[in-house]
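Heads up, the next two complexes both have subunit A, just with different partners, subunit B and then subunit C.
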Partner chain A sequence: MSPADSRKIRLLLLQNAPLILFLVLVLVFGSLSERFLSPTNFMNIVTQAAHIAIIAIGMTFVLLVAGIDLSVGANMYASCIVVALYMKGWNPVFGFAVAGFLGLLFGAVNAFVITRLRVPAFIATLATLFVGRAIALYLSGVKMIPFGKEILLLGRTTWLGLPVPIWIFLLVFVIAWVTLRLTTYGRQVYAVGADPEAAAKAGIDVRRILFSVYCIAGVCAAIGGLVSASQVAAASSTFGFQKEFPVIAAAVLGGTSLFGGRGGVVGTVFGAILIQTVENGLVMINADPYVYPLVVSAIIFIAVLVDSLRTGMLERLERRKIRVETA
Partner chain B sequence: MFQKQVQAPVQAPLLAVRGLCKSFFGVQVLHDVGFELAPGRALGLIGENGSGKSTTMNILGGIHQPDRGEMVLDGQPYRPKGPKDAEAAGIAFIHQELNLFKNLSIEENLFIGGFPKLVRGLPFIDRRKVRTRAKELLAAIDLDLDPATLVSRLSQGERQLVEIAKALGSDARIVIFDEPTTSLTARETERLFGQIQRLKGRGIAIVYISHILSDVMRLTDDIVVLRDGHVVATAPTRQMTVDKLITSMVGRTIDQIYPPRASRPREGQPVLEVEKLTQPGMIKDVSFQVRQGEVVGISGLMGSGRSEMARILFGLDPYASGRILVDGQPLERPTPEVAMARGIAFLTEDRRAEGLMMDGPIADNLALPSLPNFAGGFGRLIERTRLGDAVERTGRDVQVNARDFVQTLVKNLSGGNQQKVVIGKWLLRSPRLFILDEPTRGIDVGAKYEVYKIINELAGQGTGVLVISSEIEELIGICDRILVMSHGEIRAGYDRAKFDRERIMRSAMWDSVTKGGR
Partner chain C sequence: MTPAQTTRLDRPGLAPGLPLWRRLLLSEYLVLFLTVVYVAGMALIVPEILAADTWRDILAAMIPLLIVAIGQMFVLVVAGIDLSATSVLAFSSVLGAAVITMDGGPLVGMPAFLVVAVGILAFMAVGGAVGAFNGACTTRFNMPPFIVTLTTMMFFSGAAIWVTTLLTDDGSSIGSLPREFVFIGQGRVFELPFSLLIALAVGLLAHVALSHSLFGRWLFAIGINPNAAAVSGVPVRRTMFWAYVISGACAGLAAVIYTARLETGTPVLGQRILLDVVGAAVIGGVSLFGGKAKVLWVVFGALFLTVVDKGLQLLGLSLAGVFAIKGGVILLAAIVDAQRQRLKGRG
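Let's turn to the complex of A and B:
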């Protein structure tokens, strides 16, 4: 086997590492617990993964331009607490509209600080993470706020055999997929992520693209938050706490690069399901709950490691050559 | 091997450039540059590095605005404010570093600036139309590839052709090529040339910038030679020869801008011995020595492998085979840390990005590589007084022009003084071998003289010095020996007695001169 071949195989393994991991996990959990492999359980996994998937879809846009949004969990708490406090008895459609709008505002603040005030995304969204949680805690008086019945009903309703959270997730997914694949905007997001300078030379409004992705992430965080609300019944002071972790992990596990320009929402959805599978599997085999964060962080670590290995390899493969070697 | 040139009759110029002047930070880089472009003809633009070729083309492409002078396109004044204006005017610029998005497909790259829409007013891309248009464009340049192929999977030559297709797609009337062949194989080069001939056949005007003079001779109808921002020759290509071109590119004498080379290299064990150093795609069979107190220059064009070789010596990049010996002892699998421990110092090409902490004070920058030498005693804490004294002494030695080294931030210094800080920080380590990559790029004549003096004194103390420079004149002024690289190999070596600008230039343009083409 030539070195080039072995490099190709290594790259192929790296590209598909999450899929391999998923299959291994399914086999392990499946052999340890009979219930794990049942269709009902699979439906449960997807339902529970829906809110992570929705937020992670928004995060994918941000990661594609090599940005990051740490404030999604805070955004989700802040947007949803308003719905829980002031919109009891309203039609849930209004709830989603208001939460979505608040999420958009939250995202726009991030976008403004990052693109206009030129604060690095990491710092800017770290700051809004604390600000967002503080506002939500202030509004709620640090009390557990139950959501209205109509929101809870949503979580239990099914339509055409599928729970409503899954429908909402599918809707968000299709819109995101079409936007990224089939619109000029979507392709320009990829271009900006690959090389902002070249993108500007190609006549793309780079700042507008950067601004918009944080807004999209904001809307998705709020919608994902309400979907989660429909399943947990009340917003405690830990609602959305540390959500940025599984969300970013889902996108990265799904093959979206932290370095920008590579990835997509299909992978992200897969990543979200993978993470939920792990949690669900651990429950099924009655693992110690304190082990969960360890296992989940180990998987996330692997995902990030694979991403950086893969990026390094691709960079080496694409390096400019000075000499053209003739074999 | 030579294709028949598509000769177009001389007509009214498509673009006339007259009296362009441009200064950067008070230094005038263009003096009354003028030339004309006619439809269907190719203009070769040649000159040494820093002669003003890129500035001229950046003005054409709207990246810079001229201080004086005018451009007339089709009888209309042409004043681009940015790359978009240039594109709208039908000027396409194919950069040496291609501006393609590797993560997107060929067809997406062709239309990234504006996709055809499915329905007017809605954002959806008409994928089918993109596909047919992309196929037409690729067919027009004979590129038999699926438009959905990702650009990252294409070879350099194919990417170059995609850029041409992009230019065609934007209905360009002028296409500027900047060093398009440096990373192409002979076959790909032939193919590119065929396409350039076809562009001419379509009535498109070409500007072709290259160091490979034989290519320029073969492709172009007219040639403009720039030197120090002046047009020194304009002539139809058939009246030119490679020899004449080289003479007019060079034509300068060495002024009194170099300190006399007083010391001699010392006999005995060389500081650095390099034997058949090879890294595929970068350098091949590079062998040479640097003796104590010797100043060795490496000349070569951009992309000749000179900086890559330096990076390998300092352990920044790996090498596949060959040997590096420092003071007679092999340096295997070097890392910068090991190389530094063995007494190698490296001044990088890009001091802003790699050599300096711009936001730090002078003293911290000077001290950085030597911190371990000044750490001692309990807990290996840094001995601040001893370090402070040494920093102060070195700073004065290299004549950094600042009152207070602890207060003054490096970013507030001039380019020349920044460079002295970088040199000083390595001097503090008393290196055995000092590698300097473009040590005087972008600094003024006075600061250059001081840098040369430091190099001279260093050699006088027995340090081996390796200087990489694009300016042949500079190497002639300060070196004991000059090695010339081209395509990752050392093509020639000259001792001080045999220095000759033209011969060095000829060696650097080795392939143009010996093969008359590729």
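Let's turn to the complex of A and C:
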């Protein structure tokens, strides 16, 4: 086997590392618990992963332009608390419309601070995280606010054999996939992420693209929040707290690079399901609950490590090509 | 570029002819000035803020925060970030306390000075080890520091709680620390807290390392342009690695003070101060883009945040109010930093 072949195999392994990780985990949990491998349980995993997947789809847009949004958890709290407080008894469609609009506003504030005031995305969204939670805590009076019956009903209703949260998640997923893959806008997002200067020279309005992705992340955070609300029934003062970690982790696990320009929503959905599988599996095998964060963070760490190794290896492969041409 | 050059514009008076607001905005004493304004404003509503007791509290709260923030500064100056600092506080507090506890710990019966020395070393070693892990990941595997330290933060804050449940019956905290160790956090020398001496020593060491040593010049060179630094012969990876180790060790040292003050090792230590740590450095004027830092700025930043906190406490604000104002302050500082960069770019 030539060195080039072995490099290709290593690259192939690295590229599919999350899938390999997933299969290993399924095998391990499956052998430790009989209930784990049942179809019902798999349906449960997807239902529980739905809200993370929806928020992570929005996060994918932000990561694709090498940005980051730490405020998604605060956004989902702030947007959903309004629905919980003021929209009891309304048709849930209005709930989603209002929450989505508020999420959009929240995202637009982030976008303004980042693109116009030129504050680094990390620190800008860290600050709006605090402000957003403050607004939500103020509105709720730091009390547990139950959601209306119609929102709860949404979580339990099934349509064509699938729970409604899964349908909402599929809808968001299809729209995001079409946008990224089949539209000019989607190609522009990738272009800005890969090289903002080159994108600007090619005539793309970079600031507009940057602005829009934070808005998309905001809308997704709010919609994901309501989907989560339909499952947890009430918004306590920790609703959405630190949700940004599993969300970013889902996207990164799915192969979306933190350096921008590479990744997609298919991988993100896979990442969200992978994380939920781990948590579900740990419950199924009756693991010590204190170990959960250790296992989850270790798996995220491995995913990021793989992403970095892959990036480094791709760079090296490309460098080699140039050398061959000049020789 | 040397540090002296990067900071020249920040000195007031060196750029005459600029309008006053611009001189003030660019001044390195801006934050100190804001602190005075804040205290003056607060004094109208809550006169207690001027009391000696209040300032003793502020000093006590500021010392460990300052030590963590100084460590953070070393990472920020090479355009990195260390989000794991707060989990280091918790993790080293638990492990360190487990080493020196007189309730069945491994050092029972040893002379006191030995226990204290081993204890401090243990705290700092735990911090340094986490820092070394962060540093190795960012420099060897080119992993983004933000996400590496995010995962180590999740991991070690989880680990701190898990280890506590293994070591104790009720899973809350580890007590029975030797009296000599507790002195580090609570003792006074000439009416001043003993921990102030530690903070002064750390500040002095850090100042020399950052502004008057080759290591410091390397840090700035990397922060301003890592490629240029590498070409000029700066050992980029090694220098960045040590920046993370310093950050971890500083967090370990701060954990000594927190733990000694509480007389217990606890896994909930420092859960809420992550934003304060990064905030103190950034508000003081340390740039998140790297290449701009000074120990004195961090002191101002830590003082400002602690005073703001104390003021809000005296006002008796709700949790929501404290969150809103803190978020606003961080945002304001970041915006001011961004505008300063722009002004300087033009000037």
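Note that in this section the second predicted complex is superposed on the first by the 319 of 327 C-alpha atoms of A that agree within 3 Å, B and C clash if a C-alpha of one lies under 4 Å from a C-alpha of the other, contacts with A are read in each partner's own complex, and residues count from 1 in each chain.
Here is the rule we use: a contact is a pair of C-beta atoms (placed from the backbone, for glycine too) under 8 Å apart; a residue touches a chain by one contact, two chains touch by 3 or more.
None of these values were measured; they are calculated from a predicted model.
In the superposed model, A:Leu85 makes contact with neither subunit B nor subunit C.
When the two complexes are overlaid, the chain among subunit B and subunit C that reaches more residues of subunit A is C. Applying the stated contact rule after C-alpha superposition, one finds that A:Val206 touches neither subunit B nor subunit C. Legend: residue contacts after superposition of the two complexes on their common chain; A:Leu182 is shown touching subunit B, with no touch to subunit C.
In the superposition on chain A, A:Ile285 makes contact with neither subunit B nor subunit C.
When the two structures are aligned on the shared chain, A:Leu14 is found in touch with neither subunit B nor subunit C. In the superposition on chain A, contact of A:Leu170 is made with neither subunit B nor subunit C. Of all residues in subunit A, only 68, 113, 117-120, 122-124, 126-131, 133-135, 137-138, 142, 245, 248, 252, 258-259, 288, 290-294, 296-298, 300-301, 304-305, 308-309, 311-312 touch subunit C in the complex they form. Touching subunit A in their complex are the following residues of subunit C: 81, 137, 141-144, 146-148, 150-152, 154-155, 157-159, 161-162, 165, 275, 278, 282, 288-289, 318-324, 326-328, 330-331, 334-335, 337-339, 341-342.
The part of subunit A that touches subunit B in the complex is made up of residues 178, 182-185, 187-188, 190-191, 193-195, 198-204, 261-262, 314, 318-325. Residue ranges of subunit B in contact with subunit A, taken from their complex: 83-84, 87, 97, 99-104, 108, 112-115, 117, 123-125, 127, 152, 156, 182-186, 280-284, 303-305, 308, 487-489.
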